[in-house]
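Multiple structures are listed underneath, in structure tokens.
Consider the two complexes below, in which chain A is the common component and chain B and chain C are the respective partners.
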Partner chain A sequence: MTMSKLTRSVLYWLLLSPLVVVILFPFGVMFVTAVRPRDELFVYPPTWGFSDFRWENFSEMWVKTNFGGALMNSLYVSISATAIALLLSIPAAYAMSRYRFAGKGAYRIFLLMTQMMSPIVLVLGLFRLMMSLGLVNDLNSLVITYAAFNMAFTIWMLQSYFNSIPRDLEEAAWMDGASHLTSLVRIFLPLAVPAMVVTAIFTFINSWNEFVLALTMMRSSDDFTLPVQIYAQVAGRYQVEWHHVMAGTVLATVPVAIVFSWLQRYLIRGMALGAVK
Partner chain B sequence: MSSVTIRGVKKKYGSMPVLHGIDLDIRDQEFVVLVGPSGCGKSTLLRMIAGLETVSSGDILIGDRVINDVPAKSRDIAMVFQNYALYPHMTVYENMSFSLRLRREAKEMIDRKVREAADILNLGKFLERSPRQLSGGQRQRVAMGRALVRDAQVFLFDEPLSNLDAKLRVVMRTEIKALHQRLKTTSVYVTHDQIEAMTMADRIVVMNAGRIEQIGTPLQLYDTPANLFVADFIGSPSMNVIRGVLGGDGDGAFVALPDGARLPVPGLASGRTGQQVVFGVRPEHTALAADHTGVAVEVEVVEPTGANIQVYTKLAATPFCAIFTERHDFQPGQTIRLHFPQDKIHLFDAETGQRL
Partner chain C sequence: MQKSIPMMMILPSLALAIGIIGYPILDLAFTATQEVSRFGQLRGFVGWDNFAEVFGDPLFWESLWRTGIWTFAVVVGTLGISMPVAMILNDDFYGRGLARVIIMLPWAISLTMTAVVWRWALNGRSGLLNATLMQAGLIDQPIEWLATAGTAFTVEILVGILVSIPFTTTILLGGLSAMPQDAYEAAVVDGASGWHQFRYITLPLMRPFINIAIVLNVIYVFNSLPIIWVMTEGGPANGTDILVTYLYKLAFRFGQLGKAAAISLIMFGVLLIFTMLYVALVSRNDTDAAPDQEDEADDHV
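Let's turn to the complex of A and B:
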């Protein structure tokens, strides 16, 4: 017996709904808190409704919490880390994909092993390292560490995609008179764009959300990235302006979530292409 | 255009030898086909000429220049790949003009050459399309066009027709041959399909397990195969081969089969009485014998193809195929008598496999 399409859809949505609720609930609370007037923050029993829809919360928060500065810091760190990670992993992944050399298998395993180590284990060591390099309180310390932490993943990801690009294409380019560099730039890399987009998204989001290292390395509030800046609105305060905290969180997460969901078609294509072959 | 000379070329992957010393002279304007079963080293040899594999020892020359250490891009060789290797992000026009653009040729010159090649290959309508919008045969033509625009000294083909369906393969085979007759560029063509080799080649190089078994024109290989491998490889269906013992009496030389039957053979050649030999005759060289002459066999399967009739039987317990161009109404179970014209018989040493 076959169910009608409608029945099936309803059934599947019912099955999915607990998950949807769990995922959306915090976002709901976040949003509702962000737009309500300050004196309605702690009503009991809690309600979803509010008397006044206050967009002004966002502009107040922007000024009061130095949101713009933190946003710029976050953008600088995430974009630079992504660029460096990609620039360094493309040649590494290319070498892993195209050349045979001693210890290649061991290197791949090594990359995988580094992923098993939590960054928090390394925080102390990294802090001392950055101290000795004079990079504490310098956003570049985050750029370097984020790029480094993400490279194992990006190399792994790029390599499996590179493997799926036929070697014949480069060979054909060489026969056509192209040098290795020319064939790389004009034939290989244009074909690897989906993989590069995917890895860039991942690296960007990882860097954007990272908290522990940013909290450790950045001592002055001028250098805080968004997660630390928002945290600073909560931790160690006599009075927490929850509506501002939530407005900041909305601004820090929603745009990224939108970009991410728009780019996910590349993500799925890139992953499948890398995985199947 | 130029000759290609291969002198004592060997190839090893680690300690695994793949080619055991290849010597081959490909003359200017010649169309040479390297043929052999998969894994025989023919593609490796082609890729070494192209510069895509290193040479372990020996020399490869184009004209009289040793090119062992010349990178692929400077060898002035064009190559057509098995899977076409068209650049997927470029249009047909861009694919074909890529090599010329790399050389920074003048725009008008590039345009003229691409359009010329497109005319020859009937690609005029497709120049602005991308490769994925083309059929297999059209992609194949683009791959050829990419080689054509170059005016390269040598063309290399690496099983270019193996991804096409049977009918298109026959068409493209003729097109490539016609193209060669027109351009006369020295060409080396790799295939595992002996029909392709026979129909296209000026000379065929039969390879097996990293060695050359025989070099010759298609008909030389067909008429006088140097050994059992070539005899079996060239011709379709394959040559019938039956083991026996060479003998002779007052009526002349014969091969005694295990079941006692005697097949007359022309002279002893370089064989001696009592020698273990392999008797070979091509299916198309068998004829029906008059009553009480020839050897009797029982028809097992009859396959009419229209052009001829293929009859499968057993001779001395060995599978045996006979092809008749005349129409006969054979029935399975029927006994027929076969006769083998003396000048169509091949004898090989059973031990070495070499022709006697």
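Let's turn to the complex of A and C:
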């Protein structure tokens, strides 16, 4: 039985519709709450409707909750962690892709294992480590831990892309007398730029979204990253300013969601090439 | 000299991983055998006392049991939904690009934010889920979703499934797109029905991808703190505590660091088993572009 493309499309969308509704529901909740006047938050019976769009909620929230500070902290941590992770991963991924060496298999397994170790299982040990280094309440503790926890992923993604760059170009350069280092910098890295950008963006998003370590290491509200800062407005409060909280989540998630949506096919490709296959 | 080049290239990453991921494990193992004060001072060797205390704690066993339910329910639910979704997304239809973007959306949002939004959406009095259900005439009294452990835990499992679907679908899509088309053509020629094609061609060929999706999801879900932590903090009355939330409370609320270290180590052991399973699954089909495997690497592209 073959269906026409149109019938199939209608059928598929019908099948997907419950899931699509559930996925989009929280986004609806976010927006509708973020622009609602404060006194219409706790109405009974609850309703989706509201009287007017209060865009001022966003600017109010920005000032009252120190959103700008948390945003800068998140940016600092995510950018630095991404830079360090990439800087250390590029040579490692290159070695994994291009050389045979003793311990390569062991290193690959070691990486896999570090990828599986989630921060939560190690959080107590990490906290004690950062205490002894004097890095509790210091954003740099997050920078190095995020870099370390993302490295398995970045090496893996990069390696899978590096494998798809033909060796011939580098070999031709070696024939012409270029050293390995020169060929790496002049021939290989320029070809690898797209892979590095994609990997960097995913590392950035991972760091941007991390919660457990940020919650544990950052004890003063000046050092909160966005997830912790938004959580802190909800947890243990008698009166939660939900319109501000939702305005905060809109600002913190929508830009990232757009970038992610735009890049997700690269993630699928990278995983199909390396991580899974 | 030549031989040491690759070693030097992996050394920095290796050093960081050992320092940040390896060292804390050793530290936990050491802490777990020590008596630890509320403020983190080690007071000397106590052997297995911390473990004995953990095993004598009914809350540990309840959390462990709930961790099992949580992991099993989320992983099974996720796979049950992701498999048909991946098969749909792998087929050609109008709006497929948009459908992919929507299905992948929860992946882009941090679990914390998702959980915060759901906590508000599930608000017992004014939450918009109650609003939706009441406006649709499905209920006439608002439901206190998060006030009792039973409903709260169920809802948390459903949110857990929702956020695990994108990743799982991605893995399964990777498998489906690598599926040989001629197998299906041959099956159609032989008159195999859609169900038979699925049962006897798709499923067996997808087996490795399904295995990897199961193992990875088990690891991620087992370790996942934000959803439960943000929505209920393991409450009411420890009724939604799983191991990670219980561990976090012990370590950073109750100051029972020795006990927390012992639970961390137990979890580490469980994780290690699943990780080795995963390593075994992955290394069965792994390739690279090192010189000795050039041919293989070429048709990889």
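Here is the rule we use: the second predicted complex is superposed on the first by the 256 of 277 C-alpha atoms of A that agree within 3 Å, B and C clash if a C-alpha of one lies under 4 Å from a C-alpha of the other, contacts with A are read in each partner's own complex, and residues count from 1 in each chain.
The working rule: contacts are C-beta pairs under 8 Å (C-beta built on N, C-alpha and C of every residue); 3 or more make two chains touch, one makes a residue touch a chain.
Every value quoted in this text rests on a predicted model; they were computed, and no experiment measured them.
Chemist: Consider chain A as the common anchor and indicate whether chain B and chain C clash or fit when overlaid.
Modeler: By the criteria stated at the top, chain C and chain B fit after superposition, with no clash.
Chemist: Contacts for A:L122 in the overlay, against chain B (first) and chain C (second): which applies, first, second, both or neither?
Modeler: Touch status of A:L122: second partner only.
Chemist: Is A:Q264 in contact with chain B, with chain C, with both, or with neither (first, second, both, neither)?
Modeler: second
Chemist: Considering only touches as defined above, state whether A:T203 meets chain B (first), chain C (second), both or neither.
Modeler: neither
Chemist: Angle at the Cα centre of chain A spanned by the Cα centres of chain C and chain B: state it in steps of 10 degrees.
Modeler: Superposed on A, the angle at chain A reads 90 degrees.
Chemist: Touch check for A:P190: first (chain B), second (chain C), both, or neither?
Modeler: First partner only, chain B.
Chemist: Identify the partner contact of A:Q229: answer first if only chain B is touched, second if only chain C is, both if each is, neither if none is.
Modeler: neither
Chemist: Specify the partner with more touching residues on chain A, choosing between chain B and chain C.
Modeler: Residues of chain A touched, chain B against chain C: more for C.
Chemist: If we overlay the two complexes on their shared chain A, which of chain B and chain C does A:D176 touch? Say first, second, both or neither.
Modeler: first
Chemist: Chain B and chain C, closest CA-CA distance after overlay, in Å?
Modeler: In this superposition, no C-alpha atom of chain B lies closer than 10 Å to one of chain C.
Chemist: Both chain B and chain C touch chain A; at which residues?
Modeler: 166
Chemist: Quick check on the complex: what are the chain A residues that touch chain B?
Modeler: 166, 168-169, 171-179, 182, 187, 190-191
Chemist: For a test of understanding, state which residues of chain A touch chain C in their complex under the given definition.
Modeler: Within the complex, chain A contacts chain C at residues 1, 5-6, 8-9, 12-13, 15-16, 19-20, 22-30, 32-33, 41-48, 84, 88-89, 91-92, 94-101, 103-105, 107-114, 116-118, 120-129, 131, 144-145, 147-149, 151-152, 155, 159, 162-164, 166-167, 180, 205, 208-212, 216, 227-228, 230-231, 234-235, 240, 242, 245-246, 249, 252-253, 256-257, 259-261, 264-265, 267-268, 271-273, 276-277.
Chemist: Tell me, which parts of chain B touch chain A in their complex?
Modeler: The contact residues of chain B facing chain A are 50-52, 71-74, 77-79, 81-83, 85-89, 98-99, 102-103, 146, 150.
Chemist: Please give the residue numbers of chain C that touch chain A in the complex, ascending.
Modeler: Chain C residues touching chain A: 3, 5-10, 12-14, 16-17, 19-21, 23-28, 31, 40, 81, 84-85, 88, 91-95, 99-114, 116-121, 123, 125-132, 134-135, 142, 162, 165, 170-171, 173-175, 177-178, 194, 209, 212, 219-220, 223, 225-226, 230, 233, 244, 247-248, 251-252, 257, 260-261, 264, 267-268, 271-272, 274-275, 278-279, 282-283, 285-292, 294, 297, 300-301.
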